[in-house]
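Presented sequentially are two complexes of chain A, the first with chain B as partner and the second with chain C.
Then we have the complex of A and B:
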């Protein structure tokens, strides 16, 4: 009986691994195609698309597409811009949204339920519907720069960062996570004389690793993939991000190898960011049941 | 001595600074980001202009072509347009009507002899002028025409519909090709109205009634349009051409690799084909009964309505209209120079050049797309209708629906300034 059970367990394990391997292959193949295609000349790349050779480093392999891509577009500038905009937005977003969520989760103030509902309701509004009004606003907003008071935020980093610092989803993630923390911890800290900010900083945030990772990754993806907003508020190459830069590669006769090389390069920060935070991300998903 | 040197240096420095400050900056947006050759030539024109006079300093900002129009519309909304704009020919009336552009003020002698498709007129005024045009031709192999006993069509005597279909039948019967004809169905967007509306026009229809520009009734769903629609659907239903699911890679290289016997393609693709297919010939559009027609109008220069120094912007455009620049663009990116004089200076379009035929096509067969602000929407409607018909939708229903959509848009926009 025990042997049968062990056999069953082995079979189940084998099936599970087979399914997982299949899913992994489905997810990895597009990436593999991208990387392999980035190493091939145009004619070979196109010829290989109809066979499994598309996923293999075979034929005339070189890094030529990479050097061509860097010559066609200021790839480094686009990367720096995107990483800078994304990094600053993620940091500001984590700080501001967690503070807002702390207020919703732990502080008693009139109307917080209504305001939280309104914030959550913004999740159903597509960005496209507010893009034009937002454009008109930011094109007139004041800013104090090195030259004194100026109007209009177009063609700057701040126009790509500030409108995205706070959002309903990130606040929702933090509120959900904070509400699951034991109230006794908060009450004990308050009894010990901690201020609310001390409770936030010394008690709640040290326990918020998983939700910080989740919020950071989701925000990172949103910001790094920004296209429409920078397209309409940025007209200068010096502050242009990677996704708008992708357009540099779509000419009348598109050099697909260069496209793949560019995509491979700009995918690296996303992969690196995810790999660094993946354990906390998975822990957060497992504990909150929130799907990214 | 040292003091004297210092004084001279200071004087020279101040003089240079004053000279630099005297040049008023003029912004310019251009659609060619990512195209090395195009960028080099446009930068050369800007540098030459800036060095040629002391009043104006043009500063160039390039955009990816696929998002350029959106950037301009956003810039117009935000009041952020530069003085000099690059505008696609068929889009110009929309931007002029929307108040984004002002008429050009350049000497008429500068545009004498320009190909008609390179001049953008709206409401009786010249709003834009292009350094080049583009043309579409039927790519074929001379050896095939000879083997199948087909007459080589000319500008004076293009193929009739019967001859064209006989050529496709011969290609299909030959058996060496996957498809007889590549229409480029994988290229969505402006390619559809640019490349395919000339077929409709040659049948006797059009996207919109060009007499009033306020209706499409009867021209897009009349008898001629129905005949066009039935023929169009037949090309796909009977397997002459790959449909909307065509692999873009096949569109790019299918003719060169021998998958297609004929290809309906632009002059911009001709140079690589010349290298790949030794006996390629570029044939004029067939005549489907109402004259052979191809599309016209490419990227052109214009001046924004908000430009505070239009004299500087016009001075730059006048400077750019030199044959040497037209020829440089043509040699660089393969497009058709706007004047015969410039064509004569090019490698491909000079007399006896491998692409000379395209200059003739532009001069003889070109018809600009409907000159109306409503074209932007009508073009999308037309594209959708053609894709649906290619996929098997009922021809009459699709064309009627397209007419309704186009007319609803015209009505929503109070006729786009046309009297009706």
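Then we have the complex of A and C:
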């Protein structure tokens, strides 16, 4: 009797793992297919799609597609642009949103409630519904350049960065986190004569590691993977990010190996980042759901 | 004493201002501009001054009418039929171009149906916009429940105490970090009619019985293919949110259910599901908003085709506002989209309110 139930348990465990594995295949095989295809010459690549060889690094494997892709498009420029835009936006966003959240969480000032409500209300506005009027705005905004006052932000880094620095979700995440910190810490620091900025910088920020990671990861994903906005505000190659650079590979009679090479190049850094920090990635997505 | 420590109008405003200022300029302002531009004839670049045009932009998007066409008859009054035996009707443009019906001017046929001998024809000022509206709703109505349901299934699957479960969680979540643009181009290859992986795999699995099809090139499968891919990419995101909801349910409730002798379904129905209420509301709202924003997949995979079968609201807004530099038309679509999203989240909140 006991043996039967042990056997049963073994069987049920095997079924569980089988289901888990089957689902895993659905998620991972298309990505595997992308990477493997990038390594194969066109003829073999197409022939391989009718068997499991599509998911294996077999046959005539080389990096030829990668060098072809780099020759077809200025991939390195696109990468540098994406890294710059993403990196600067993430850093500015962390600084500005955490400072604002500090003020909402710890300071009392006239208008605080109203301003915070306005910021949270913006969460209901999908970016897609403001993209078009924003396009007109940024095409006419002023800027102090090397040659004095100029108008128009199109085809710059700043048009890709500045509108994305502050957003309701990031501020909300910081406020949530700060409110759970013990207020005595802040009060003690004030009693000892620290300025508000010192409290923010020396007391609160050193405790904000988890929420900084969360906010940074969310912003990173949004910025690096961004498409619609750079598509409409950037036409010049010199400032074009990777996702829009993809347009080079749209034409008919595509050399699929080259396309897959480009996709792999722009995706591997994110995937590597994710695999190293997967706990933090998943925690940050989960935190968007808390008390939402 | 404590309150005097925290009252600080100057520091308070000063610290909040950079963040609030950016949000005001780059989110709130364009939001109101969308309403304003939609009432004008604003263009991206134009030598002419912008004029107020009232609701013209909305009229030219939403104009809709039903007209009835009577069959053509010969002198004896018998219905005329063409070579295939189908009833002949006057052309729709004899009405939409006629001076007798100024209200129908410029409208085009969207679809028609038969009513007795007569044909009822729905004409629209902007047939492409109407198709975009319908496709977007279709996308939301299919993807939101299916994706939320599958995500819950995955969350339950992954919420087991098993060795190596984290590996599976990592894999299920993986497509979420990959850009939807990358995913779209990858799946264009998978769906390809000639060399696509899907056709070849299906054909191999059925020993050649499956005839390949051009998934994205066929109006009957294009939108469905995009739906399937979108779910594949995003379902891990909502799995994680469900999972965090599952983990807030107290283990003692499960223990109590076990002592009471509840079976698995009863446990899910009376312990798990009530505990997931708030998560469910959040997930539905988030998925709905994401679905209404459908753009990148369309831009990369189909450009709205074939035969406008994958047109969407955002794609149309961008095509006008950016493609044709018609800021006012694009803004009008944006406003319509926002009002839809707003009313749907209000309805969802109302339907799922605490009773």
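One rule holds in what follows: the second predicted complex is superposed on the first by the 236 of 292 C-alpha atoms of A that agree within 3 Å, B and C clash if a C-alpha of one lies under 4 Å from a C-alpha of the other, contacts with A are read in each partner's own complex, and residues count from 1 in each chain.
We adopt the following convention: a contact is a pair of C-beta atoms (placed from the backbone, for glycine too) under 8 Å apart; a residue touches a chain by one contact, two chains touch by 3 or more.
Just so it is clear, the structure is predicted and the values come from calculations on it, not from any experiment.
Student: Would you sort A:249 into first (chain B), second (chain C), both or neither based on which partner it touches?
Tutor: So A:249 meets both chain B and chain C here.
Student: Contact-wise, after the overlay, does A:71 reach chain B, chain C, both or neither (first, second, both, neither)?
Tutor: first
Student: Could you say whether A:43 touches chain B, chain C, both of them, or neither, answering first, second, both or neither?
Tutor: It touches chain B, and chain C stays clear.
Student: In the superposed model, which partner reaches more residues of chain A, chain B or chain C?
Tutor: Between chain B and chain C, the winner on chain A residue contacts is C.
Student: Between chain B and chain C, whom does A:103 touch in the aligned arrangement: first, second, both, or neither?
Tutor: A:103 sits against chain C, while chain B stays out of touch.
Student: Kindly classify A:139 by the partners it touches after superposition: chain B alone (first), chain C alone (second), both, or neither?
Tutor: both
Student: So, A:231: does it touch chain B (first), chain C (second), both, or neither?
Tutor: The answer is both, since A:231 touches chain B and chain C.
Student: Can you pull the chain A residues that chain B and chain C both touch?
Tutor: 46, 49, 132, 135-136, 139, 231-232, 246, 249-250, 256
Student: With touch defined as at the start, can you tell me which chain C residues reach chain A in the complex?
Tutor: 2-3, 5-9, 11-24, 26-31, 33-34, 37, 42, 44-45, 154, 157, 160, 162, 165, 168-182, 185-187, 189-190, 195-197, 200-201, 203-204, 232, 236-237, 240-241, 243-245, 279, 282-283, 286, 289, 292-293, 295-296, 299-300, 314, 317-318, 320-322, 327, 330-331, 334-335, 337-338, 341-342, 345
Student: What residues on chain A touch chain C, complex-wise?
Tutor: Those in contact with chain C are residues 13, 16-17, 19-21, 23-24, 26-28, 30-31, 33-34, 37, 46, 49-51, 54, 96-97, 99-104, 106-112, 115, 118-119, 122, 124-137, 139, 162-163, 165-168, 171, 183, 186-187, 190-191, 196-197, 200, 221, 224-225, 227-228, 231-232, 243, 246, 249-250, 256, 259-260, 263, 266-267, 270-271, 273-275, 278, 281-282, 285-290, 292.
Student: Under the definition above, what is the set of chain B residues touching chain A in their complex?
Tutor: 29, 33-36, 61-67, 70-71, 74-75, 77-80, 247-249, 252-253, 266, 268-269, 272
Student: So in the complex, which bits of chain A are touching chain B?
Tutor: It comes out as residues 43, 46, 49, 71-73, 132, 135-136, 139, 152, 154, 231-233, 235-237, 244-254, 256.
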